[in-house]
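Chain nomenclature is as follows: A, B, C, D, E and F, assigned in order of appearance, with residue numbering initiated at 1 for each chain independently.
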Amino acid sequence: MPRLIEYKDMQPKAKAVVEGIAQARGIDPADINNVWKALAAHPSVMERFAGEMKAAFAPGKLDPLVKELIYLAVSITNQCDYCIASHGAMARAKGMTDEMHEEFMAVVLAAQKGNKITMAYRVPVDRAFEEG
Amino acid sequence: MPRLIEYKDMQPKAKAVVEGIAQARGIDPADINNVWKALAAHPSVMERFAGEMKAAFAPGKLDPLVKELIYLAVSITNQCDYCIASHGAMARAKGMTDEMHEEFMAVVLAAQKGNKITMAYRVPVDRAFEEG
Amino acid sequence: MPRLIEYKDMQPKAKAVVEGIAQARGIDPADINNVWKALAAHPSVMERFAGEMKAAFAPGKLDPLVKELIYLAVSITNQCDYCIASHGAMARAKGMTDEMHEEFMAVVLAAQKGNKITMAYRVPVDRAFEEG
Amino acid sequence: MPRLIEYKDMQPKAKAVVEGIAQARGIDPADINNVWKALAAHPSVMERFAGEMKAAFAPGKLDPLVKELIYLAVSITNQCDYCIASHGAMARAKGMTDEMHEEFMAVVLAAQKGNKITMAYRVPVDRAFEEG
Amino acid sequence: MPRLIEYKDMQPKAKAVVEGIAQARGIDPADINNVWKALAAHPSVMERFAGEMKAAFAPGKLDPLVKELIYLAVSITNQCDYCIASHGAMARAKGMTDEMHEEFMAVVLAAQKGNKITMAYRVPVDRAFEEG
Amino acid sequence: MPRLIEYKDMQPKAKAVVEGIAQARGIDPADINNVWKALAAHPSVMERFAGEMKAAFAPGKLDPLVKELIYLAVSITNQCDYCIASHGAMARAKGMTDEMHEEFMAVVLAAQKGNKITMAYRVPVDRAFEEG
């Protein structure tokens, strides 16, 4: 297990990162989740990841919930238990209903199958897609 | 390379599958893409996969483009070149702009990093997520 | 592309490895497949891998075809195109029929789905399996 | 952790799925394993997966134990702890001896190595395999 | 295939990124490798990745060649053909000899095996490592 | 959970393997770590893996710490929790400082990103790398 550093015990730089995330999520910095408590001991990795997450989830053309679903799809494919638990919760917080989750899972599982099928049968890419 | 069977040369069962897909996409069955030409020689796998894809992409609560993005996110994570090429083209056909693709990639890449970071630092799942 | 070294041009140690494989398969050493022509330039990796393959495919309790199917199942899961092509051919040479391949693929694809489902829904291992 | 729904508390559709599996395995539906208790809350995913598993393990040309070994090979490659635990137990129940498990692991591990070697040295597929 | 944009045709921002890389490597910007020609059409992904690479390979406590070997180990494990080809070449340019490559491969392959063995046998983490 | 066999209860062949490892690490055989206690019930897998590890970590051109970092990079990429915990501890024992770990993680994470970027954008290998 990594050392989890509580917000009040973090270095100023880590505190600033956590405050930014807490503000964006409308939560108390003391309630920040474990990944940030673990990263607090690794400031350069923490800062870069926080910056990347902030940019990825910045308001844009894609809906915040859609971004959570994309993140969750990657996490299921990579089999990251922590990320499935945390971003599953975040997707629900952003409006994912049971019905949407069921549809989401159907696409994720169909994709796993499509991926393995095209590899197993060694399907060449269509000329039309190459020219796209 | 697998044997690619053209629509006109397929068995009736495979033809029926292709016709269903072609109709749903508004294309000529002769223009069906390679994965189905390869699967035409494997009828039971073909039928099950076609059924699963149809169910996954059936109209529902999630937007068709969102489903394509979820499929594409899985395919990039699994590194399936065929699926990246084909579903990338389909996502664009369903309205994905360059700007959306840029945002999509930012989330996909942030997720890859988040997945590896939580594993590398062995971050335990938060109690709050366990109870969710 | 790696340098592919033909049998006649290999060092004595690599030649000996290739001769052992060729004899076991009943082929001419000159017809050895590319992986060994590539490994001929990397003698220590070549020797260890050849030894491991020989031990794994030595006569035992599992049928030679069953071993090929296990090897192929791993290769599809890992998405190794070379291994899918080569061990697919070897499985057919050892008796895999179209019908068996269809059944094999059904199990491989069901397993991919089962793997992702249990991760996505974070299913805890049954006590009965833990005690097994 | 997901909500695990006991058999007696499941909806009729989920109950029917569990009864089918229990009958096929000769067990009491109350003793169904956790993956089905978790899936009971996700009926469409449950039904599709149950159907796919039933078809994959239907009597055919491949021995039931061979199918378990193929499933297990995929699960180890994908590093799915639940599936390794459950299908390891099922393989033993279907007759896998220690000696067979040892041989099985030798092939699984040789395949992992073969997969990485051919990728690392970028070995091109043999013309003979392409034409196969 | 993606559109590859030559240095002379890039937007000013992409040109600046390429110039920075070319200078660090002591090459002509026109000779930049394909990944950057492809990324030139995706400026935000390009800038972030370039920044991350620059930071990762900045002079520090680890030798430049060691960093290349770490990058290559990840790329082989992920089976990224482009990255194996490009970072293999860079490792050689930074001093990797045949003998070092042979040792490197031995460790990479032993690790693949160790990873699968501990998963397959479901080995629990030692208390000593947890407390570390 | 697997049966963990303590050193004193192992068969002579397993004992010999453990003694060799303990001597090389300068530890008491009774303090051998769990992977070997689990493998003691699987002698042929144990012997082969022990032999492979010994050869991989034999004195050579690469520094012992560098080899640990390569092993750790593979283990993080494969998401093997046991291996991350054990080889992380070994890397620290061989001299990895916090600063080195931070640099190491930066390279590992940059590589994950580079791997996915080149796949997602389908970047073709440069002619220069092919000819290398």
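Here, a residue touches a chain if its C-beta (ideal position, glycine included) is under 8 Å from a C-beta of that chain, and two chains touch if they have at least 3 such contacts.
Nothing here was measured: the structure is a model prediction, and the numbers come from that model.
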Would you mind telling me which chain pair, D-F or A-C, is linked by more contacting C-beta pairs?
A-C
Look at all chain centres (mean of CA atoms) and spot the one farthest from the centre of subunit F.
B
Farthest chain from subunit E, going by the mean of C-alpha atoms per chain?
D
Please tell me the distance, in whole Å, between the geometric centres of subunit A and subunit E computed from their C-alpha atoms.
23
From the C-alpha centre of subunit C to that of subunit E, how far is it in Å?
28
Could you give the separation in Å between the centres of subunit D and subunit E, each centre being the mean of its C-alpha atoms?
35
Please output the residue numbers of subunit C that touch at least 2 other chains, ranges allowed.
1, 42, 44-45, 48, 52, 55, 76-81, 85, 105-106, 108-109, 112-113, 115, 117, 119, 122, 130
Tell me the shape of the graph of touching chains, choosing from line, ring, star, complete and other.
complete
Mind listing the subunit F positions that touch subunit A in their complex?
79, 101-102, 105-106, 109
Report the residues of subunit A in contact with subunit B in the complex, numbered from low to high.
1-2, 4, 31, 33-35, 38-39, 42, 45, 49, 52-53, 55-57, 60-62, 66-67, 69-71, 73-78, 80-83, 85-86, 88-89, 92, 97, 99-100, 103-104, 106-115, 117-119, 121-126, 128-130, 132
Touching residues (chain side subunit D, partner subunit B) in the complex
1, 44, 48, 52, 55, 130
As the complex stands, subunit F meets subunit D at residues 42, 44-45, 48, 78-80
Quick one: which bits of subunit B touch subunit F in the complex? Just the residue numbers, please.
76-77, 79, 81, 84-85, 105, 108-109, 112-113, 115-117, 119-120, 122
